[in-house]
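Chain IDs A, B and C follow the sequence of writing; residue 1 opens each chain.
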Amino acid sequence: MATTLPDKLPEILVTDRTAASLGLAIGDTLEVAADAGMSAARSFHIAGIYRPKPDPFEIGYGRLHLKMHLPDLNRVLGHEDQVDRFVVRLRDPTQRESATDDFNATLVGLHAYTSENLAERTSSTFQVVSQFHKAIGVVSLLAGLVFLVAIMVLKVEAMRRELGVLRLLGISRRTVVRSVLAIATLVALLGSLVGIGLGIAAAALVNPLAQHRYDTDLVFVRVTPPVIALAVGLSIVLGIAAGAGVAARSARAHPLRQIGR
Amino acid sequence: MTPELLIAARDLTMEYRLDGGVVHALRGVSLDLHRGDYVSIMGPSACGKSTLLHAMGAVDVPTSGALSLFGRDAAAMRDAERTALRLRHFGFVFQRFFLLPMLTAAENVALPLMEAGASRAERDRRVRDVLDYVALSARMGHKPGQLSGGEQQRVAIARALANRPEVLLADEPTGELDEATGATIATLLDRLHADGTTIVLVTHNAELAARSRRPLHMRDGRLLEDRP
Amino acid sequence: MIAFLARRALFRYRTRTMLGIAGVGIAGALLLDMQMLSRGLQTSLRRILRDIGYEIRVTPRGTLPFETEATFSEGHAIARSIAADARVARVAPVLGGTLYVGRPAQRPVAAFVYGMDPPTEALWRVTEGRNLAPADSNAAVVSRELARDLGLAIGDTVFAARGHVAQLGMLQSPRGFVVAGIATFRFDLRTQRSLAMTTRPAQALRGELERDGLSMLVVALHDAATSDAVAAMIRDRFPAVTAYSVREMLATVQGQLAYFNLFSMVLGSVSLVVCVLLVGTIVALSLGERLGEMAILRAIGVRRRRLVALVMVEGLLLVVLSLPIAFGAGHVIALWLDDILRRAPSIPNEMHFFVFTPRAALRTLGLMLAAGTLAGIYPAWLVSRLRIAPTLHHEVMG
């Protein structure tokens, strides 16, 4: 709703989504009220359009946001000098713990938190999601372990004649076990490298698609060096675990039976 | 009266293209097989004996030449027709027996009957009959791993006989067996022939070949002599 | 014959078959869980809404119920106007918002108030004491958490106010309510404290009396099939509000569950790929060992397409045998994952992320069978191209 800019209209900023949704541009006038009937609406001048920082809690909500000065918000809401919180910048940030303690001792009815404290308290949702991801990871690892053991059983059964011949030639059980373990570990390791490649490719695909779909700059999938190291390490452990039982079974079998006699 | 002509082969050739070049497995082989024949084919390794057997048994299609199987042109047949021929008119016996290890002797014998659509009652009856014929009724429920080489080969013969084929094609049936056991199989083949089965036998075993009515020799893909 | 041979072939090597079944079962369990997750919250919400029994919710324009503390004015007048429609059975006004609640000599705590007329047990279920009567202006039903935090029992008096004097830690113009009952509030978060009262006292406390401000109207219809039409009528007639049928509300909520939709789609796809790979690998490797047997079957007259069918059936059989593990383990894993996710602070107590529905089960079954079919294609192709004579020759020589 564009009008000639009257003098002294208070200024607000709107997000790019808000501007697109309402067809707004810098310089337009926007009416803001506390209720849908627009009673006691106040007019504001749009001074700027901004892109908000990515917020995972906003994904899919499609909410419209704007920023205004605190007194203006209180006037719109019909409040007198009301706030939800204060944010405090200290001259010496290293004194945040002691300052917080002092505030809590003197401010009755209010509670002060350091940024770290608050991040910890408000990150409980992320902690839950992180636990969820770990649980999925455990189940996936279990499926992977079973898969790997199945493949190793097939592989060793396919090689049983060769293993039997080796034993007949005098190769020790220990060497046979080590060979099978090495095969299992190598298969798991190569598999993990392929998986990491697929993960990187998937991230390259999922992130732009999801960012476009949900109109956000959030990064949904990130493959980092620690993640890669964890994948490789776990795969080695899985390979050894999968190969151990199969190798022991193979080493126990009588060589003559293995060659089919 | 001339017995019925079951198989007529004229100038059959078989070529296999491999990485190292072309292998001429058959070079202009001609052969007639009449009902009641007992033919043996001898020759050195890789002379084309098994290849000829496979061509006669509709397992493989010759590269050139004319082949008539039960009055039908083999070259004109589609795979399904060749398969049906193998099911109903031919019985195969192999050197390595090739029984399915997870099935019992009875179940192995029943396979061709199942494919031919025999009812359960017919199948059971026929399986008992053929296993009885090869003197293995007592081992019906045993798996191949529990049978000796000779017993396995007898089960294989029983399987080959399940659908009452007119022609039995045996590729080195005594190749994996000791002399005594081989003799048992040879006796069984004699009995089969006496009972009316036409037999084509590929073998290295001269004694076995001598029991046939028409011993043939092959070398380098050619049939050397045919003494009816 | 195909089923017979497939069974025998699979169980010839029990260990590998059991491992294959276990592996496919676990992948299938994850697949089932992702199907449950993809619509779990929506299904859970639908069940609660249906249980509550009102077909339409009317809220301040552009908001979902209790998404904000926004209200619309002339709420009771709007309610009466809606109730006059022949399709409407009854309309209940609701006001929700934050108050401070306490007892004398106790530090007040923040709590959410529900003001509802008539106060039927729709948004809460009384577990001790009694529910509110329509004429109750001085009684309240409190949540178990609030009762615990303030040490409240039936008959106690609790004070509520909109504001409190921070420096003195006292309520500002408090009003007393006798605790009539203790209840479970259906949409409460884990740590949320709530109390319920009739609408007028709630409006008075929240400063909404003059403008007759309400947070929501819940509308019950004579015929639920008319809900979309009635909701559309309300939206047209009252521009200050939004009206949602249950279907419309669920569709809106589904859009907000973006993360879980994406997650379930990605992980579901991965599970499917694992199923295909595992079944395909087992069938293909197993076939590779049995080419001679396949050649023999062809030699004795078994048709090519029968062998192709045999291989396909082996793959499908592996999947079918894994279904009990997939569904059993899927349920157990879903309970575990659901328990983890429900610890999130913003999730109402009665909501679940993983909900088993016939649709989820059928989709899982269909996808697994499709995976088994797909997995069999390559081995089936191999067997279709099998050449009898060279294979037999190789078996003899090898």
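By definition in this document, a contact is a pair of C-beta atoms (placed from the backbone, for glycine too) under 8 Å apart; a residue touches a chain by one contact, two chains touch by 3 or more.
Since we're looking at a predicted model, the values are computed, not measured.
Visitor: Give me the two chains with the most inter-chain contact pairs.
Guide: Greatest number of C-beta pairs in contact occurs for A-C.
Visitor: By mean C-alpha position, what chain is farthest away from chain A?
Guide: B
Visitor: What whole-Å value do you get for the distance between chain A and chain C if each is reduced to the mean of its CA atoms?
Guide: Whole-Å distance between the two chain centres: 22.
Visitor: Rounded to the nearest whole Å, what is the centre-to-centre distance of chain B and chain C, using the mean of the C-alpha atoms as each centre?
Guide: Once rounded, the distance between the two centres reads 65 Å.
Visitor: Could you work out how far the Cα centre of chain A sits from that of chain B, in whole Å?
Guide: From the centre of chain A to the centre of chain B is 67 Å.
Visitor: Could you please specify the touching residues of chain C with respect to chain B in the complex?
Guide: Per the stated touch rule, the residues are 1, 4-5, 8-9, 11-12, 292-293, 296-304, 306, 388-390, 392-393, 395-396.
Visitor: Inside the complex, what are the residues of chain C that reach chain A?
Guide: Touch residues, chain C against chain A: 13, 15-16, 19-20, 22-23, 26-27, 29-30, 60-62, 70-73, 164-169, 211, 213, 239-241, 255-259, 262, 266-267, 270-271, 274, 277-278, 281-282, 285-286, 288-289, 333, 336-337, 340-341, 343-346.
Visitor: What residues on chain B touch chain C, complex-wise?
Guide: 16, 50-51, 54, 57, 59-60, 79-80, 83-88, 90-92, 94-96, 98, 100-103, 107, 111-112, 114-116, 159-160, 163
Visitor: Please name which positions on chain A make contact with chain C in the complex.
Guide: Answer in residue numbers: 34-37, 39, 56, 59-62, 107-110, 124-125, 128-129, 131-132, 135-136, 139-140, 142-143, 146-147, 149-151, 153-154, 157-158, 202, 206, 210, 213-214, 220.
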